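Going in written order, the chains are labelled A, B and C, and every chain counts its residues from 1.
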Amino acid sequence: MAYLTDRWYAAAWAEEIGSGPLARTILDQPVVFYRTGDGAPAALEDRCCHRGLPLSMGQVIGDDIRCGYHGLRFDTTGQCVDVPGQSTIPPGARVAFYPVVERHRMVWIWMGDPARADAATIPNLFWHDDPAWLSTGERIEVACDYRLMIDIQLDATHATFVHVSTLASGAIQETAPEVIRDDDTLHVRRWMLDVAPPPIWVSAGGFTGNVDRWILATYVPPSLCAFDIGAAVAGTGAPEGERDQGITNRTTHFMTPATATSTHYFWLFARNYGLEDEALSERVHTAIAETFHEDVAIVELQERSISTDPVGAQLDVNADRPTVQARRLLERLIAEDEAQGILQ
Amino acid sequence: MAYLTDRWYAAAWAEEIGSGPLARTILDQPVVFYRTGDGAPAALEDRCCHRGLPLSMGQVIGDDIRCGYHGLRFDTTGQCVDVPGQSTIPPGARVAFYPVVERHRMVWIWMGDPARADAATIPNLFWHDDPAWLSTGERIEVACDYRLMIDIQLDATHATFVHVSTLASGAIQETAPEVIRDDDTLHVRRWMLDVAPPPIWVSAGGFTGNVDRWILATYVPPSLCAFDIGAAVAGTGAPEGERDQGITNRTTHFMTPATATSTHYFWLFARNYGLEDEALSERVHTAIAETFHEDVAIVELQERSISTDPVGAQLDVNADRPTVQARRLLERLIAEDEAQGILQ
Amino acid sequence: MAYLTDRWYAAAWAEEIGSGPLARTILDQPVVFYRTGDGAPAALEDRCCHRGLPLSMGQVIGDDIRCGYHGLRFDTTGQCVDVPGQSTIPPGARVAFYPVVERHRMVWIWMGDPARADAATIPNLFWHDDPAWLSTGERIEVACDYRLMIDIQLDATHATFVHVSTLASGAIQETAPEVIRDDDTLHVRRWMLDVAPPPIWVSAGGFTGNVDRWILATYVPPSLCAFDIGAAVAGTGAPEGERDQGITNRTTHFMTPATATSTHYFWLFARNYGLEDEALSERVHTAIAETFHEDVAIVELQERSISTDPVGAQLDVNADRPTVQARRLLERLIAEDEAQGILQ
């Protein structure tokens, strides 16, 4: 599968990378993550250039990692710096290295040419670590093409059928979304004014009457979907409203391709209200996790079904406008990078 | 694999299809079964024409089934009748449908052109539901080409080696069967007169001396083997006998191809004696189930062995006459349907 | 994969072949082992020439094995000698047979042309059954190319990194081995004089000071590595020494290919000291088994890693001299046999 390589991908939650090595496949490549002496993350090709053992079987020593078979030692640039039993390093003794950055409680990886890696292009996900927000999250290994996960994020209409006990609301189908392409980002905006709140909002926001709701999705190719989702007392939440009689959640969904048919799915849910309310935190985590696992069940079955008939025709309906546009945007970017020789 | 499509296949025991959807692969096709409002069975392609989710993940609503992802709704002809969020149905919004008939306690499916489906050609298996007969049965998922299952049914000689504790009897090998082709049906008839009864018959029929035995098999391509098997006091059971001092069992074996290497095996065992005797029912079920599971163990090992050397020569022996003729009959029918353009 | 076929392979520990049939895949061929009436081992193709059932599902009868499906009976040369239900044997009714020899507590098999099998070429492993030696061993099914197992045997340097708690010793890396090719056998000899003994030797030999150590490996293609490993009080163990103040172990490693990516690994460890000391026997077995299972963990990960990038370049280092020479020897022998038409 052709992936966009000159992009930052979420590789791990920061806390997943501890003192020992962590093995993870990213865009079909075996990668080993570890932390150097000063705690900075590092990422190398997870295959020794000598006899192929995964370096993740080895040991972190200072800023280096040492192979668990014959003891070859590599620094954070992938250069071999020690071969036990001899004093010289053979030419070409190196493994690939990948630029990594720790930001917003995640470790980001750049799978393309390291020379082009620019940390300034990592998306701003302030709600991950701003103290005004409280967040919870998870990593789920999902057995599907990452694009099916993007589809389900950008498709608000499935809530009625998939999330029957939590997000179900007739209002979503009745409201056509605004779909706006702004440079290389896709915005899908849904305003639902003066509507009944779905069950999950009632319990979270304590609403007794109708609300203004918004679901403002942003798709940043290849793999990030971020949402600004909220509800306020009807009349105070509309685009021009103050939102001060409402509550806002932000969710991040990062679908990092492991292989063509498996995905590292990172979700994070943040809120800017009731930060001290631990019972609410627990309730919210449980409900949200259940909801996102419902998505996972759908896309895994979809993947299996599609895999038995990959050329099967797919019919589009009106509600597919956001997902169809997102696919086109991704395909355009991949074609552009291919034309420039960036993709192999 | 080329299957005969213009035939009725046993798809499920009637009671397997309840109020919710049932997913089952038949001749490599994913099929969803459900019951409409009046209880009639229905069968559709188990893959939504929109985004490929199996419809069996969805919900039965009246006579229709609704996809569990975006809510597209399909009637029993596979026509999409509702797309949430829009008032028109896109042209081509349909999935395949398959004619189904409930008869003889089974649901039958027609995988070929629906226009040619004629319920009159469903075989008469009266012993399944005639009150003069009491039956028991099972469905077993078997990891083999369905034709290996047909072979073992039509091959009476294996009883001595496979069913050592139940059906073993030297009499079978010593008796060459009559093999008769009658139109598109194969009959394999074995009469064993004045012989010692094998263990299972002794316990079922209470015989103390020799018996006349018969094993009258009928093979109806592609997948049905039915047996009339009995024993009577020697001298009363021969072809021209009355059988009134004997007992008769009838068994049905339906080997419906799931894929080229997996088979839905339905067996039914019926008797016309001791109908009130529950202890006998239990004993018979246990012994028969054990016997048929012995067959399954053989064919699954055979499949694995053959798969490692698919072109390996196979030697024929005299006892193979029934199975070789059955294979030829099946191949002839497949070739005929191919010549007529019935098979894809 | 091209295997050397005109060689004896270790097929099983003698005690693995009992009264019933034993199925084992050797060089990609399904083989059934059994013992004839006088206890001699026999080996046939494990696939009936009639309908393909593995003969290992059948029954041993005297010197023959009888298929568990239709009862065809084969003698130790693979000739069919009985077909139930008929008095003649069809021409060509036979399965392949393989010469087998029981020696040194193992059953050896010859997978090439039986006419060329000569038991005199079975290697002399006297420590397996000489009463002056006490041995212990195991069979491990390893998920790798058998050549990776040979590499790790001939590579003494990995002990420092893989066997940290048992064999680790800086002395090994500091000592370049002698590598000698003697006809078709490779000898890798390491003498480490006046060095600190590694932990496992201290516990086994009760040394308190420095020792002379030796690791004398012999590789007999395709699949045998045998070691003479010892330590003696410094000054008494060197090549010209008496070894009488030391202890000697001998290990055998037989890596018999099952398939291109799976190996039957037989290891045996023998010692010529403390034969009555049962506590020592137990301790040695535990430590050695742990050590060899560490090797297995390495090569299985290596196999998986290599399989994802089979053409990936492999860098050689100085310490690879023994393993590189062993590979070249094996490749030369395979090429020679191919040139002579011995390999298919």
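Couple of notes before you dig in:
Here, a contact is a pair of C-beta atoms (placed from the backbone, for glycine too) under 8 Å apart; a residue touches a chain by one contact, two chains touch by 3 or more.
Please read these numbers as outputs of a predicted model, since none were measured by experiment.
Connectivity without subunit B: the remaining chains stay one piece (groups of touching chains, all others kept in their positions).
Shared numbers divided by all numbers used gives the overlap of an interface; between subunit A and subunit B this overlap falls below half, so the copies present different residues. Centroids built from CA atoms put subunit B at 49 Å from subunit A.
Residues of subunit B in contact with two or more other chains: none.
Those residues of subunit B whose C-beta lies close enough to touch subunit C in the complex are 151, 155, 157-158, 160-162, 173-174, 176, 298, 301-302, 305-306, 308-309, 312-319. Residues 30, 46-47, 49-54, 57-58, 66-72, 83-86, 90, 92-93 of subunit A are the ones touching subunit C in the complex.
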